[in-house]
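Lettered A, B, C and D in written order, each chain numbered from 1.
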Amino acid sequence: MANLNKIKTAVIGASGFTGEKLVELLLKHPRVEISYVSALLEKESSFADIFPRFKGRFELVCKNLDIDEASSKAEVVFLALPHRISLGIAPLLLKKKKIVIDLSADYRLKDTKVYEKFYQVKHTDSANLKKAVYGLPEFFRSKIRKADLIANPGCYPTASILSTAPLLKEQLIKDVIIDAKSGITGAGRKASLQYHFAHLDGNLYTYKPFEHQHLPEINQVLSHIANKKTAVRFTPHVIPAERGILITVYAQLTKALKSQAVTDIYAKYYKKEPFMRFFPKALPQLKDVIETNFCDIGFSLQGKHIVIVGVIDNLIKGASGQAVQNMNIVLGWDERLGLS
Amino acid sequence: MANLNKIKTAVIGASGFTGEKLVELLLKHPRVEISYVSALLEKESSFADIFPRFKGRFELVCKNLDIDEASSKAEVVFLALPHRISLGIAPLLLKKKKIVIDLSADYRLKDTKVYEKFYQVKHTDSANLKKAVYGLPEFFRSKIRKADLIANPGCYPTASILSTAPLLKEQLIKDVIIDAKSGITGAGRKASLQYHFAHLDGNLYTYKPFEHQHLPEINQVLSHIANKKTAVRFTPHVIPAERGILITVYAQLTKALKSQAVTDIYAKYYKKEPFMRFFPKALPQLKDVIETNFCDIGFSLQGKHIVIVGVIDNLIKGASGQAVQNMNIVLGWDERLGLS
Amino acid sequence: MANLNKIKTAVIGASGFTGEKLVELLLKHPRVEISYVSALLEKESSFADIFPRFKGRFELVCKNLDIDEASSKAEVVFLALPHRISLGIAPLLLKKKKIVIDLSADYRLKDTKVYEKFYQVKHTDSANLKKAVYGLPEFFRSKIRKADLIANPGCYPTASILSTAPLLKEQLIKDVIIDAKSGITGAGRKASLQYHFAHLDGNLYTYKPFEHQHLPEINQVLSHIANKKTAVRFTPHVIPAERGILITVYAQLTKALKSQAVTDIYAKYYKKEPFMRFFPKALPQLKDVIETNFCDIGFSLQGKHIVIVGVIDNLIKGASGQAVQNMNIVLGWDERLGLS
Amino acid sequence: MANLNKIKTAVIGASGFTGEKLVELLLKHPRVEISYVSALLEKESSFADIFPRFKGRFELVCKNLDIDEASSKAEVVFLALPHRISLGIAPLLLKKKKIVIDLSADYRLKDTKVYEKFYQVKHTDSANLKKAVYGLPEFFRSKIRKADLIANPGCYPTASILSTAPLLKEQLIKDVIIDAKSGITGAGRKASLQYHFAHLDGNLYTYKPFEHQHLPEINQVLSHIANKKTAVRFTPHVIPAERGILITVYAQLTKALKSQAVTDIYAKYYKKEPFMRFFPKALPQLKDVIETNFCDIGFSLQGKHIVIVGVIDNLIKGASGQAVQNMNIVLGWDERLGLS
């Protein structure tokens, strides 16, 4: 009864890191309930049997996906699926007039050729791709409000775009290099020796320099925002931590700038943003945003060079928290609902 | 040329945690060379391709096992194999007059029924089982000297037996409870969500209370040493660390004892032992034995109760270091060679 | 305006681990506001300057304590102070008719001689000590409802008592041994080489066997609940983790029991408890309670022996979450407010 | 007696991370003994009392420094002291004809003004500064052979210079940016909330962009090697790990290069180097050099851009291992002695 006026939501792909976190966030949200969860399972089981930490908090049976059931039970459907899988599911849900928030990369890249190169699969839904709205509220809020298919941004793009877009849009920096460091949950919940505690503890490594699949997403969105073709260099690293992304941005100023001017630019874009925090005199630390939807940004200047540091929780602002923020926008609610 | 007088050794099962560590220890050993390494591989490759950290240090090709080749190339053969596999390999090597040091459980339990219950497989080599010597030098050194098949002790048994045997043998304690804490390498190198960094970091859990497969090994050896049927209670835990075992032993004294008396008992057994360190006034910390072959022991008394704390590196004194120690004994060398 | 009907709270000692966590929990609580925070500071500063993670969430100035100001600004005052300090502050607040929830040990031990032995200081407030109610809701809820001074339990006692009290009260176990493992935040926020990352990472150690200051608290409360003098053996360990306590309890059954009977006993005591979760067929893992106010319990039987495993987040159910739970009870609210 | 022909060494400042590691390395070295250790102590004690892990391995009394005693007992003296302190000690030892290997920054910067700016203290020994040889064997081996004062390089400079010098010397790269990530031992053994396990676990942060004290050292040495004024941009980070440095270098090629050409350049400089390992087709991982004196390097090319990744163990190749390597060179020994 208490739930009569709550909006019903479904989480498809609830057994991955982002799906699990989404369930946790939605459970704390005052205006929604989770009425359907699915995952690829050997046996359908209570969500609390899959994740004992949900015992007593959320014991709905997690099912193998049935589109009709999902559609009949929920108005907002989150797809927390591996890339390539959403392509087959989103169109069916959209046909049934659901609001779809897709956490995969499937509707993020506007150029299907680029998508096909980086994700190694044919893009089969260009119709919906055209309508999909990139779910970065700080730059696309008005479009998100009217969207029924939201392409929720990747974790690296969220950190990278938010940290650099104001200066790029104002044409104040160039030659942008992004050195990104991420906790291991960014790689998804998979059994692999690469993710073994004994391999990662005390370790650190660089991977996919120049060619990470998030790079074209970063460049597409920054080019759009800056209204100018932008090609950053991007190199990710895995750190021995579970959560979080810290990016260190190296760029050249296109003209001399004082610290106050830099601060003013960020204020211009983020002053009213509920989840952007700017540190004019310090560099943000990763741990300060963990378990929050905040993106913290700081910088340091020297002559024509600037170093910008941005941090997010990859599972929250970089995935599930941003998805909830997008839902709040679509439904016309206070953006912060369930997120603080 | 430099190697002319070195003893040739082989490591079978070199891609697991103990095999890898054994290779590392043998490389530093002044009197042996590694002339053969094998593992279950999709493709035979240089050991340094499997483990880049060995680049420039050990680049022998790691092969799929060929008993004839192993036998022709080495005099001492280490089996760093999963339990149940050594049973098929050790007899063949022994027939070829090799010294076999088996790091699995296959020749540790004298009662094949107990073995079969805990390892869920038929024991097929009772002939060699009878001859196998339990490779715990502190208690079985004279037998090890003459052995050609050494059953290298498990990691939990090594810590448990060394910490309690002196007081048990002197009939000074009873009602022994062992609460064991181990780093994750004790579970072997396997891809599993259970070993995922994101699962283990910040976590801690108890497993197999009353029924860990190392328990009968502990009880068998302690009963033998104490010359009295001994049944300890044993409960292992996994801690968020890569390496090491710390055991906390709870027992009742059978008669009143002063601290000095306890110290004297341990001195009686371990004074001349090169790898036993006793702390009469402090409790040992796990990290102090990591990367060493030491077993550190301390204790605390209160009335009729004693708490004993013992620590080892599970991969060294609990596996590969002890295997090297056993080899040194069999070959009549200083027991510390290659281990300090 | 929005806060007109909110209860005003103060956190004294807000710069320690439990104070900081308390601020975080109170900020999420729908029916309170934090109107005063103090800590021992060189310079009064915004709470967000002390802890940047609170930027934009809580920027009240953290002051050096002024009892009059605290009293005038808040109705409920939390003391998150080192032991020995609350003794001087609680009486002043009580005189001003405040509800005081003390997270230190100062009002937990009913016998001042025991207090003085373990905390090495004279107990100067036996008047209030007599009135103080031990804030473990699962056993003292009705008294908490009427209390104005609540002695919030220690982290080890919370885990130890909740895990064993049902079986002790039913006189079903004896010879209780508690092997406790705690994350490092249990030791308080202090600069020390003992807490250095390089010391603790990959480490594990036992400390204060037989004589930890929480032991008399455990025994006092268990004796009271069981209505029988109870003396458990208690040995704590520090694990390489930030948060959480896992205790492993070893005990003897006083009569033969089946698993179902054990489950029934725990159900009798905890079935309606909002923060107690019992696992009849599995052992709880530490991480499943982190960032929650839950206490999870499981067990394993063998003959006359039982192993019980209990886990809590030391900073939440073991400190600040329990303090909020106690506040909810005193104020007649739903006990779960702000805690799920 | 066994030590009659061993060279006597002293470690001044043996209680810090690098001093402790140096003791460990020297103990394993076949041709030296440690005849004197000192540190700033409240009470002179056995080294094994300060560091229990040395029990039974090294129990020499660690003393408060007495220059005469140190000089009379050792021929080679290592200074593992905080910056600014070596300045007062090295001259006294040199006067007594000792070989001094200084692990501090005091004799690294040839320009005393730069030293004074970054270390905030007057440089009082320009006479010896002139004679001091920078102890990076890969580039200054012939000078090291004849030196009596060796300025052992900093950890960041070692990784930075080794990773970039070949391409800089060949004038093949420009616009060099170094993003460095270091384990916490790089900061020295100090009690501070900044180094608290609870602060660093799961954390990551940037510090001192543009102005780390190692930057002028990097630029001085690279300018010297490249024979051209070189000014890299350098930004360090602390990762949640105890040991190791990984640097990610971003640079522009001054002309088009194929991968093989890059490989050839590194081979030209490092082919015969015992501690340099080059990975032509992979990027090195941090953990592969931990507990070794290796520096591993890999790279990735795209158009005119190159990313170079270099890793070292900050306490070994970045400090104490390199110091031992320098000693081996000065004494005319095989450079690898005691280091593999």
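By our rule, a residue touches a chain if its C-beta (ideal position, glycine included) is under 8 Å from a C-beta of that chain, and two chains touch if they have at least 3 such contacts.
All values derive from a computational prediction rather than experimental measurement.
Relative to subunit B, the most remote chain by averaged C-alpha coordinates is A. Comparing the chain pairs A-B and A-C, the larger number of C-beta pairs in contact belongs to A-B. For the pair subunit A and subunit D, the distance between mean C-alpha positions equals 40 Å. Chain centres here are Cα averages; for subunit A and subunit B they lie 46 Å apart.
If you average the Cα atoms of subunit A and of subunit C, the two centres end up 36 Å apart.
Among the residues of subunit D, those in touch with two or more other chains are 183, 199, 201-202, 240-242, 284-285, 287. Remark: subunit B residues 177, 179, 181, 183, 199, 202-207, 209-211, 233, 235, 237, 239-244, 246, 248, 250, 283-287, 290, 300, 302, 305, 307, 309 touch subunit C in the complex. Every residue of subunit D that touches subunit B in the complex is listed here, in rising order: 28, 52-53, 55-57, 201-202, 277, 279, 282, 284-285, 287-289, 291-292, 294, 296, 340. By the touch criterion given at the top, residues 17, 183-185, 189-193, 195-202, 240-242 of subunit D touch subunit C in their complex.
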